[in-house]
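In the two complexes that follow, chain A is the common piece, with chain B as its partner first and chain C second.
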Partner chain A sequence: MFKVSDLRFRYPKNQVDTIKGISFEFDKGEIFGFLGPSGMGKSTTQKLMIRILKNYQGEILYKGKNLNSYDKSIYNDIGVGFEMPVLFSKLTAMENLKFYRDLYPEGVKIRPLLERLGLWEDRHKRVAAFSKGMKSRLNFARAMINDPKVLFLDEPTSGLDPTNARIVKDMISEFRHNGGTVFLTTHMMHDVDELCDRVAFIADGQIREISSPKDLKVRYGKREIRLEYNDDGVASKQVFDLNSIKSNEEFFGILRTKDIITIHSGETTLDEIFIKVTGVKTHE
Partner chain B sequence: MTIKYLIYELKKWVRDPMMIFLLAYPVIIASVVRFGVPYAQEQFQLSVAPYNHVLAAVLMLLTSAISGAVIGFSILDDRDDKILYAIDVSPVSFDIYMGFRFIMSFMLTYVGSVVALLIANLGGIPVYALLLVPVGIALFSFISAMFINFFASNKVEGFAMMKAGAMIIVFPIASLFFTDYKEFFFGFEPNFWAVKALSVAMLPTLEFNLGFWTYFTVGIFYAFGLNVVTYHIFKKRIMI
Partner chain C sequence: MNELFKLVKGDQSRLLRYGITYASIATSLVWIAFIQILRLDAISTYFPLFIFVDVTMMSFLLIGVAMMFEKQENALKTMLVTPINKHHYLASKIITTVVASLSSLLLLGVYGILFKGLSINYLGITGAVILASFVFSCIGVLFTYKSKDFTILLMWVMVMFFGFAIPTIFQMFGIITADWFNYLQYMNPTQAVYTVLSAAVMTVDQGELLISLGYLLLLSIILYYYVVKCFDRYSMQEFGGE
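So, the complex of A and B:
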């Protein structure tokens, strides 16, 4: 769907490149997570892919054709959910969505979209009176209004309570199952783990790692099992090598004879991988 | 799209008390001219009839500056709401989006100027001048909207810019007191040409350097060209 090759970009007043020759691709029907600390090139890459920024070096292909060869009708295929709400604060939710839908030759029905996101009852309220979470949900609806084929989402669950975050994540999953493609930028590693087929970690304008969350967790984790059990009234812990576990009699002996408190594999989390790969904690 | 866009834009205006006041302002000033000037003439035994062309010019220039401020503030609102990002990633081009604003500022100033002149009921304005001169004036309002957005990033700054920008109308008004070659000193200000055309139409017995059509045509081309140049700078300034 999108193929990025040796992409380089420098802001006009900067001395060094912000994007330093990155390459990646993602296919139709894939949710591709693009992760990295703030200010390391994540948003710049997204802006280049949606053509807000131009004058880059390298190549970006969309459906096999150079991105620059498309006219503005390419945006009929693309929905962009910016991190900050992009909404007319003096217009109501309904007026906002009608305005945006009218920019496109085709669009989705507004009522099911607002009902799903729990905003139908507030459709006649001005956006200025909306809470942060309501704006965030309406912003997501705006990205979906043209029935896009590709969604670029920047922190789509930011400011949402768990119930509404669940709804948005379910809608993203359904969009993918219906053949849509998603480029997801977020700091929420739980969302990434749940939604993304593959992820790329970017730091200092370079891609440090690309793979599926599962593969990364296995590769960056330890091949071990940590066992916590009750040993005659005393809580004991023991670590076993996963590579030789099938012939480890001591391990199976404990399982058979002791009361097990917890069992954990050495698989790591995406949070830990993020810190290891980028060298920065996720909240930065 | 066009009609719907205009309706959304009007809704934004009427939901902002400051915009409502700005839209009413030319009508208030025109009403003051209509009822206040005859009263003052009677009270102080004065005749302002020889200066009707000055009053008409002031009314039109104020209308143009106010309309420019309305459009300028509306663009500032869009910038506050980050709407230009969304337009940038839609099939509609920035030029078309701003083109609507140009048309609205033109129409608002044109209709506002004609209505203000009709309310003020100043004698001696031929119908052709009443209908044509506001065309030249209306081309200026979008320049003033862009000017506000050059320097302001919010409405408070925008209000200061509106006042600073409105000062420029002093030049065409001052030019009305010159009829020799010195009047061209004020020719850099695009409204100069329109108000001079108005003077020719309203004061047929006076000698002017140029005729109505020359002032009018030069003014149209000059204001149009200035719009094009200003728009290019404006676009670079506010584009993401």
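So, the complex of A and C:
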């Protein structure tokens, strides 16, 4: 769907490149997570891919054609959900969506979209009166209004309670299952783990790692099993090598004879991988 | 054209919601009250003045305030990722302002014709208002992109008023008559606007009318060119591009 090759970009007033020759691609029907600390080139890459920033070096292909060869009609294919809600605050939710839908040759029905996001009852309220979470959901509806083929989402669950975050994540998954492609930028590693087929970590304008969350967790984790068990009234811990586990009699002996308190594999979390790969903690 | 129509419709509805349309109508009503209070009977002499303020300062202010609201809401970001053409986006803002100026003209014109026996060249005044409002809308857009907030925008409105509108009003009332001042006024777009507006209700020097018309047409082209350039730069800034 998108293929980025040796992409370089420098802001006009900067001395150094913000994007330093990155390459990646993602296919139709894939949710591609693009992760990295703030100010390391994540948003810049997205802005280049949605053609807001120009004058880059390297190549961005969309459906096999150079991105620059497309006219404005490319935005009929693209839905963009910005991190900060960008809506007309004096207009109602309905007026906002109708206005934007009318700017496209085709669009979705507003009612099912708002009903799904729990905003139908508030459709005639002005956006200024919306809570942060409601604005965030409306922002997501705005991104979906043109029935896009590719979604660029920046922190789509930011400011949402767990129930609404679940709805949005389910909608993203359904969008993918219906053939849509998603470029997801977020700091919520749990969302990434749940949604993304593959992820790329960017730091200092360079891609440090690309793979599936599962593969990363295995690769960056330890091949071990940690057992915590009750050893005659005393809590004991023991670590076993996962590679030789099938022939480890001691391990199976403990399982058979002791009361197990916890069992953990050495698989790591995306949070830990984020810190390790980018060198920055996720809350930054 | 359909896209432009939808944008104009959207801009009109937002102007209403922001209360800007009501402010514009209120200004025209203030002029009508002014005429009533001063018991002005022969308003032909003053009519261009009433319209003049509306198409110059009000156009500047209207488009400025509307775009400042949009700026504060970061609405341009979303517009830039839609298939709309930037010329349509800008034209919509300008057309909306021109329509507001034409509405004021209609209100004042109907009042003048019905109650004060105003004789007017309809086509001439309409054309003059469109041209003048276009020029000052473009100036408004340029200064809005230069303004970080409403305070700075209002400061520019004051600069425009005292720097450009007041000298024309002084010349109109014969307060300053020096030759150097009259020559300097040929550079002043508000003077050109006053001349073309006056031509619709009274006899003006044909040479001056042609110079004023030519000047405003030239300004329209130059200013629109810079409006587009400013828009491109501003769009980049909105996304942290500069």
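Everything below uses one rule, namely that the second predicted complex is superposed on the first by the 284 of 284 C-alpha atoms of A that agree within 3 Å, B and C clash if a C-alpha of one lies under 4 Å from a C-alpha of the other, contacts with A are read in each partner's own complex, and residues count from 1 in each chain.
Criterion: contacts are C-beta pairs under 8 Å (C-beta built on N, C-alpha and C of every residue); 3 or more make two chains touch, one makes a residue touch a chain.
Quick caveat, the model's predicted, so the values are computed rather than measured.
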- prompt: Between chain B and chain C, positioned on chain A by superposition, is the outcome a clash or a fit?
  reply: clash
Message: Output check: A:Lys13 vs chain B and chain C. Expected answer is one of first, second, both, neither. What do you get?
response: second
Message: For A:Ile263, using the defined touch cut-off, is the partner it touches chain B, chain C, both, or neither? Pick first, second, both or neither.
response: neither
- prompt: Of the two partner chains, chain B (first) and chain C (second), which one does A:Ile52 touch, if any: first, second, both, or neither?
  reply: both
Message: Once chain A of both complexes is superposed, is A:Leu103 in touch with chain B (first), chain C (second), both, or neither?
response: both
Task: Report for A:Ser73: first if it touches chain B alone, second if chain C alone, otherwise both or neither.
output: both
Overlap of chain C and chain B interfaces on chain A (superposed complexes): 50, 52, 72-73, 75-76, 78, 80, 82, 84, 86-91, 95, 99-100, 102-105, 142, 146
Query: Which positions of chain A touch chain C when the two form their complex?
result: 11-13, 43-44, 47, 50, 52-53, 72-76, 78, 80, 82, 84, 86-91, 95, 99-100, 102-105, 142, 146
Query: What residues of chain A sit close enough to touch chain B in their complex?
result: 50-52, 72-73, 75-76, 78, 80, 82, 84-91, 95, 98-100, 102-105, 126, 142, 146
Field: Of chain B, residues touching chain A in the complex
entry: 1, 4-5, 8, 11-12, 15-16, 77-78, 80-83, 85-93, 240
Message: Quick check on the complex: what are the chain C residues that touch chain A?
response: 3, 6-7, 10, 13-14, 17-18, 69, 73-75, 77-78, 80-85, 235-236, 239-242
